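Here come two complexes built around chain A, the first alongside chain B, the second alongside chain C.
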Partner chain A sequence: MTLFAACLLTFLLGALAALLPRSFRIANALGSGLAVLGCLLGLAPAVQALITPQDWQLALAWPPPWGLGHLALDGISALFLTPALLLIGLGALYGRGYLAHMEGRKRAGPPWFFYNILAACITGVFSARDPLLLLLFWEGMALSSYFLVCMEDGDGSVRRAGRIYLIASHLGAAFLLVLCLVPGATWPPTQALPAAAPLLEDSLASLASAPGLGLAAVPAGLIFLLALVGFGSKAGLAPLGVWLPEAHPAAPSHVSAVLSGVMIKTGVYGILRVLLALQPEPWWGWTLIALGGATAVLGVAGALGQSELKRLLAWSSMENAGLMLLGLGLGALGRACNAPLVATLGFSAALIHMVNHGVFKSLLFFCAGSVLHGTGERRMDQLGGALKRMPATGAAFAVASLGICGLPPLGGFASELVLGLCAVKGLLLPTASLDIPSLAALAVLVLCAGMAAAVFVGAFGAVFLGEPRSQTAKTAHEAPALMRWPMLALAGLGLLLGLGAPLLLHTVLSVLAPTLPQASALGAPLVQGLGVASVIFGLLLALLGGLFWLRRALLRGRDVRTGPTWDCGYIAPTARIQYTYSSFAQPLALMFHALTGSTGRATRPWGLFPARAGYFAEAQDRILTAFFALFNALDARLEALHRLQQGQVHVYVLYIAATLVALLAWGLR
Partner chain B sequence: MFALAQNALHFDALPRILAGLALCPLLFGIINRVKAKFAGRTGQPLLQTYYDLARLLKKGAVISRTTTWVFPLGPTLGLACSLAALCLAPLGGQPGLFSFEGDIFLFAGLLSLARFATAAAALDTGSSFEGMGASREMQFAVPAELAQILGLAALAQATGTYSLAEILGHIDWACWEANGPVLALTATALFLVLLAETCRIPVDDPNTHLELTMIHEVMVLDHSGPDFAFILYGQGVKMWTLCAVLCAVLAPVRTGALEAAAVGVAGIFALALIMGVVESSMARLRLLMVPRLLVGATALSGLALILLLR
Partner chain C sequence: MLSLVEFILVGLVLTNLVFLGTSRIGLGIRMVAFQGVGLALLPLLGHGELGLSSVLVSAVTALLKGWVFPWLLFRSLESAHVRAEVEPYVSYSSSLLFGVAALAVSVWLGGRMPLPGGMPQLLTPVAFFTILVGLFGIVARRKAVSQVVAYLVLENGIFAFGAVALKKAQLLVEMGILLDVFVAVFVMGIAIFRINHEFDHIDADRLASLKE
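On to the complex of A and B.
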């Protein structure tokens, strides 16, 4: 744990050191170098806590007051922390290459200051054991990421995205404030809440008087709801996750990778802690499954309607957060209904998916950043043919898309398998309250898998395959080595996650064992099952290699010609007649237009000598529009209060005096 | 911890897999023969697909300048996936080479991976027609996959087991007597999925000559020679595999291993016959109607599952 303290201090040191030098290059190297060093220092205790899951406490010789030094690593913290540190470290390496082109335009110090602060705060959130400390780290994470999102503050849309993010994250934090600051609050929360109970008694007396609701049960439910809203808004839970598709694409790509790959998971972490520390009730599971399912379907449907690669990836992050919440929901339901098998599988599915999504989504954002770096173009329908010009980025993107769609032989498949099996087993149990949620979870999972496959084939095809659709796409160039190596490392890790899925599940089960005692025994058959799946993956790769060899052997010495693509006899094809992402996704977007908000307007060719014809399509974010409408309505209603808000100091002093007199009168009564 | 379970590997399945590998091109012959009989023609020889495969394997290839390594990956990965799925699929209720709890998801995942690779290879050519085919294929796959997984989950629930081999091994006459309606609904849904996945009428017409109306055929327009042989053979393996699963539901003969396998093979040929009849007796649906048909299949699977809820 000394190393852990050193890790946090290194991040702080990196934050300050990046601000000092005047030279761009030195600041860039110092900021990223110290972030990488901090991650390496932190990985050692995290991996240690993962191998031997026990409570590793940080012992300080002079503990600061109010529990502010209370940091500890147990299995769950370590499971979240290990991929987080890995991704933050790779993100720092990548960011060094990514920021290099800003030399002369911006300073390198501030981005690295906030990046290191963000790294320290995320590490802190995963290891804090005191509610106040958690809140401080949480707020630090929100603020530093806000400044990172707004790095390109010259752009109006970026400022707007940053503002939406700041408001959303503080609305969420307000609920956490209540959760963490009620007297006697602990983190992770405890079942009884002895000190809070009498305080809450007055406000909850009316609730408690309702038949069937014991007083003891209400505070736990309330804590769950507070955590659901507070943490859920960070995880991207619909409808609170509206900020996510705005903020993630606006940030520089290495930051998007950390936001999507790591920061979303702090929300999942918070909800998981609450679910494991308290005894859940069935309605918790139903709420989580309903909201998680809605988030997943909305997220993937939203991705269908996008035209920018990074926005598409952000919507897909929402989908995956929804799938993680589905896992948590099934786990909570399993605990509540006394079905330990479903609980084990549900929580494991959420945790495995957390790891997989972190790796693959960060990789996808790295690739998107590399495309942006190489072409300067955000719109997919202006790109194309990038695989020839950026081979490493293209290969990494292909691997990551397979992984994020949950296809074998990559890691994503294991999370899909565990979640799906959990739902099928939940269906089979003779517990009435498990039936419908399991069915819903299964249907949502399969629906999302199918749609995600369509989204990512389309995106991969539009950006990397075919002919370039614009001049900028034609002159694309590969990313520098500092950006390439983190991508290739993550792609390799993705392959390892697929073949090593049994090991990951075994680790997850051992991490869950302290709270779910039978976890290891119940999950053992599935570990073996994943072992068989790994053997089949090996067979699949061997078959693929064999067939490739066979193809090459057959074609050797034969007449192999190259020519133009066969376009059915049409002799003057241009790159613009290719299918774009919008046209690729249009049939599905139309099928789900209630969710995607896709609308199209056609100007049809008309008359004997038709002049112009065109088609205009857009997808509106309906939730965000609804939120704007809500806030505008609130604004209009509350306008009357403006009269109180004069902006003149002496009027405010008058308010204070009046309040004091009123209080005095009330006190003397 | 990593020791493989006792019942994970079934080496006795190897002859069944070899039978599938050898016999699957025959399915196209049967379907074409049935269609010819309906039309009053003599028709191609039954073994025509074997001749086609042999001829294609001997040829060279024309490869588009636009393409990259994704283009050859389509046929090879597609065939590799179909072969791996064949290793999972039971024949006549006798287990495949591998089985484990939850392998229904791997089965569907392999088919999905094959589709991903084929669609990516189609987009790699930069042809608008192939993009159109890929788009349609991915769209129709969404409801088809849902119908397939929900159907297999219904079977899992009806038999109380979780691996493909065990599920299909447990479907016998007694199971049909107990859960007849559920099995009938699921079988109907799986049959519709079979038609969609193997690109047969009413979802796709393998004999159409207009690229605008094609789905699968248009995605492989640019593949030639050995690549096209891989695609053709992969289609055959996939059809055999899906027919084997459906046939194990419909023909619950579980007496002896050899007998059951023989009934399984006979059932697969019978299914090919039925597909031929379907192709001869109806036209392809309008493309906008296809999703409705597949959503209908999903509804049937979902209904089967709901009937089983206790």
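On to the complex of A and C.
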């Protein structure tokens, strides 16, 4: 635990140290170096807690009245913390290379200050055991990530995205504030059992006797709803996750990777803690499955309508968060309906998917950042042929796309398999309240898997294959080594996740064991099955490698010529004859246009010698538009309240005085 | 002893009414100074025994409230070239009417909160009345200087209650309050000077243009 404290302190030190030097390079190196060091320090206790499940505690020596200063690492914390620290560390390495081109334009200190604070706060959120401490870290996380999102503050759209993010995260935090500050609140929340009531009575009675605090034990359902809204808004839960597709693309890429790969998971973590600590009721599971399913479908449909690579990835993050919530929903439903197998599979599906999505989505954002770095172009329809110019980035993107679509032999396959199995098991049980949700979850999963595959085929094809569509895409260059190595490391890790899926599932099951006692026994057959699958995947990979090697051996010493892609025998091919991403996605986007809000305008070719034809598509975020309309309406309704805000000190003092006197008179009534 | 305390308390009420009714800032400052000197006697009379601490509190109170604060306020009046009128939002007669209403409310509230025996029953209503008048002064007067004066009146109300009702840890509490008020007046004096310097006026209401 000393190492863990050292990890937090290193982050803080890194935050301060990055601010001091005047030189850009020194600040850049210090900020990223200390972040990496902090991650390494934190990884040791996290991995240790993961291997041998135990409760590590760290009580700070200065506990103020509300018990500030209690940190602990149990299996679940460690499971979230390990990938988080890994990704943050790699992100810091990558960010050092990514920020290098800003020398002379901006200072390196502030981004690294906030990056280190963000790292410390995320670590804190995963390990806090006090409601107040949790809230503190949560707010620190929201604020520091806001400043990171707004790093390119010269751009108006980035400022707009930052503002939306700030508002959304504070609306969410308002619910957490209630959750964490009701009298007698604990983190993770505890069930107020009737048997335990006499014990609580004394402390509660003293609180309840204070005027205005007449709250006794808060019903568990209310706690769940508060947590759902508060944590769900961070996890991108529809319709509160509207900030996600705005903020993630606006941030610098290494930050987008941390936001998508790690910060979304803090929301999942919060909901999971609540579900494991309280005894769920069936309607919790129904709510989670309905909202998670809506999020997943909306996310993948939104990704279809995008034209920028990073926006597409952000929408896809929403989809994956939805899948994780589906898993949590099935798990909660399983617990509520007394179906331990469903509960085990649901929770483990969510946890495995959390790990996989973190790795693959961070990798995708790294690749997108590398493309942006190499070409300076965000729009997919202006890119193309990047695979030849940036082979490392292209290979990493291919691996990550396969992984995020849930295709074997990568990690995503295992998580979607477990989720699907869980839904099937739920369907087979003769419990009516499990059947329909399971069926819905299965339908959503299948739909999302198919559409996600379409999205990533389109994105990979448009960006990396074919011929460059613009001059900037022609001059693309590979990323520097500092950005390349984190990408390749993550790609390797993704392959390992695929082969090591049984090990991951085993770890997840042992982590769940304290709350779900039969988890290990129930999941054992699945671990074995995945083991067999891993062997097959290993053979498949070996076969692929062998074929690749064979091809190289056969071609050695021969004359190899490369020609333009899409040559197809034309005399004068142009890059414009290729499918663009919009044209590729058009049929599906039209089919789901009610969800995506995408509208297309086509000028059809006409006549024997068609002169001009085109297709123009744009997507509009319907939920965000609806929120704007709602807020505008509220603003108009509440205009009368503006009169209260006079800006005159006299009147404000009058408010305070009148309130105090009224309260006193009321108290003495 | 008790009658002397009550005498001072009645004096407090009367000076409050004068403060409400006057149109001159200077008179207001003098009234606060009178109140301060009267209040300085309370720790001595409050509970019968003459300890070193009571004498110390009395001396410091008399010095600060009777001499230092008025001097600071008059000085800032001079240096800021303020016209000597209060310039109220609420007219003088209405202010007096408010004073009467506040006195009634205070007496009612005081009746709801009886003090233990051996203490002047007048204490709670008068202290509360003084606090209300101070708050009213802060709200209803335009000039920053008169707001500072009203703030002092408010503080006098708190002090009056503390000086009589608190027996234990009296020195600590009083000294804390005095230090707070001293710093506050000092800072406000500087602020008034600065605001006057920058804006050519010290009307707090015109600072509303600084609102968002």
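As a working rule, the second predicted complex is superposed on the first by the 578 of 669 C-alpha atoms of A that agree within 3 Å, B and C clash if a C-alpha of one lies under 4 Å from a C-alpha of the other, contacts with A are read in each partner's own complex, and residues count from 1 in each chain.
By our rule, a contact is a pair of C-beta atoms (placed from the backbone, for glycine too) under 8 Å apart; a residue touches a chain by one contact, two chains touch by 3 or more.
Nothing here was measured: the structure is a model prediction, and the numbers come from that model.
Participant: Quick one: is A:665 in contact with chain B, with chain C, with both, or with neither? Answer first, second, both or neither.
Facilitator: The second partner, chain C, only.
Participant: Please tell me which partner, chain B or chain C, touches more residues of chain A.
Facilitator: Here the partner covering more residues of chain A is B.
Participant: Could you look at A:551 and tell me whether it touches chain B, chain C, both or neither (first, second, both, neither)?
Facilitator: A:551 sits against chain B, while chain C stays out of touch.
Participant: By the touch definition at the top of the document, which applies to A:648: first (chain B), second (chain C), both, or neither?
Facilitator: After superposition on chain A, A:648 lies in contact with chain C alone.
Participant: On the A-aligned overlay, A:529 touches which partner chain: chain B = first, chain C = second, or both, or neither?
Facilitator: Once the two structures are laid over each other on A, A:529 reaches chain B alone.
Participant: Return first, second, both or neither, reflecting whether A:512 touches chain B, chain C, both chains, or no partner chain.
Facilitator: Touch status of A:512: no partner.
Participant: For A:591, using the defined touch cut-off, is the partner it touches chain B, chain C, both, or neither? Pick first, second, both or neither.
Facilitator: First partner only.
Participant: On the A-aligned overlay, A:501 touches which partner chain: chain B = first, chain C = second, or both, or neither?
Facilitator: Neither: A:501 stays clear of chain B and chain C.
Participant: What is the contact status of A:562 with respect to chain B (first) and chain C (second): first, second, both, or neither?
Facilitator: Once the two structures are laid over each other on A, A:562 reaches chain B alone.
Participant: Once bound in the complex, which stretches of chain A touch chain B?
Facilitator: 384-385, 387-388, 394, 398, 402, 405-408, 413, 416-418, 420-421, 424-425, 427-428, 430, 432, 435-436, 439, 442-443, 446-447, 449-451, 453-454, 457-458, 460-462, 465-467, 502, 506, 524-529, 531-533, 535-536, 539-540, 543-544, 547-548, 550-551, 554-555, 558-568, 573, 575, 577-579, 583-588, 591
Participant: Can you check the complex and tell me which residues of chain A touch chain C?
Facilitator: 645-651, 653-654, 657, 661, 664-665, 668
Participant: Which residues of chain B touch chain A once you look at their complex with the stated criterion?
Facilitator: Checking each residue of chain B against chain A gives 1-5, 8-9, 57, 59-68, 70, 72, 75-77, 79-81, 83-84, 87-88, 98-103, 105-106, 108-110, 112-113, 115-116, 119-120, 123-132, 134-136, 138-139, 141-143, 145-146, 149-150, 153, 156-157, 160, 162, 211, 221-222, 225-227, 230, 291, 302, 305-306, 309-310.
Participant: Help me check something: in the complex, which residues belonging to chain C touch chain A?
Facilitator: For this pair, the touching residues of chain C are 89, 105, 109, 112-113, 132, 135-136, 138-140, 204-205, 207-212.
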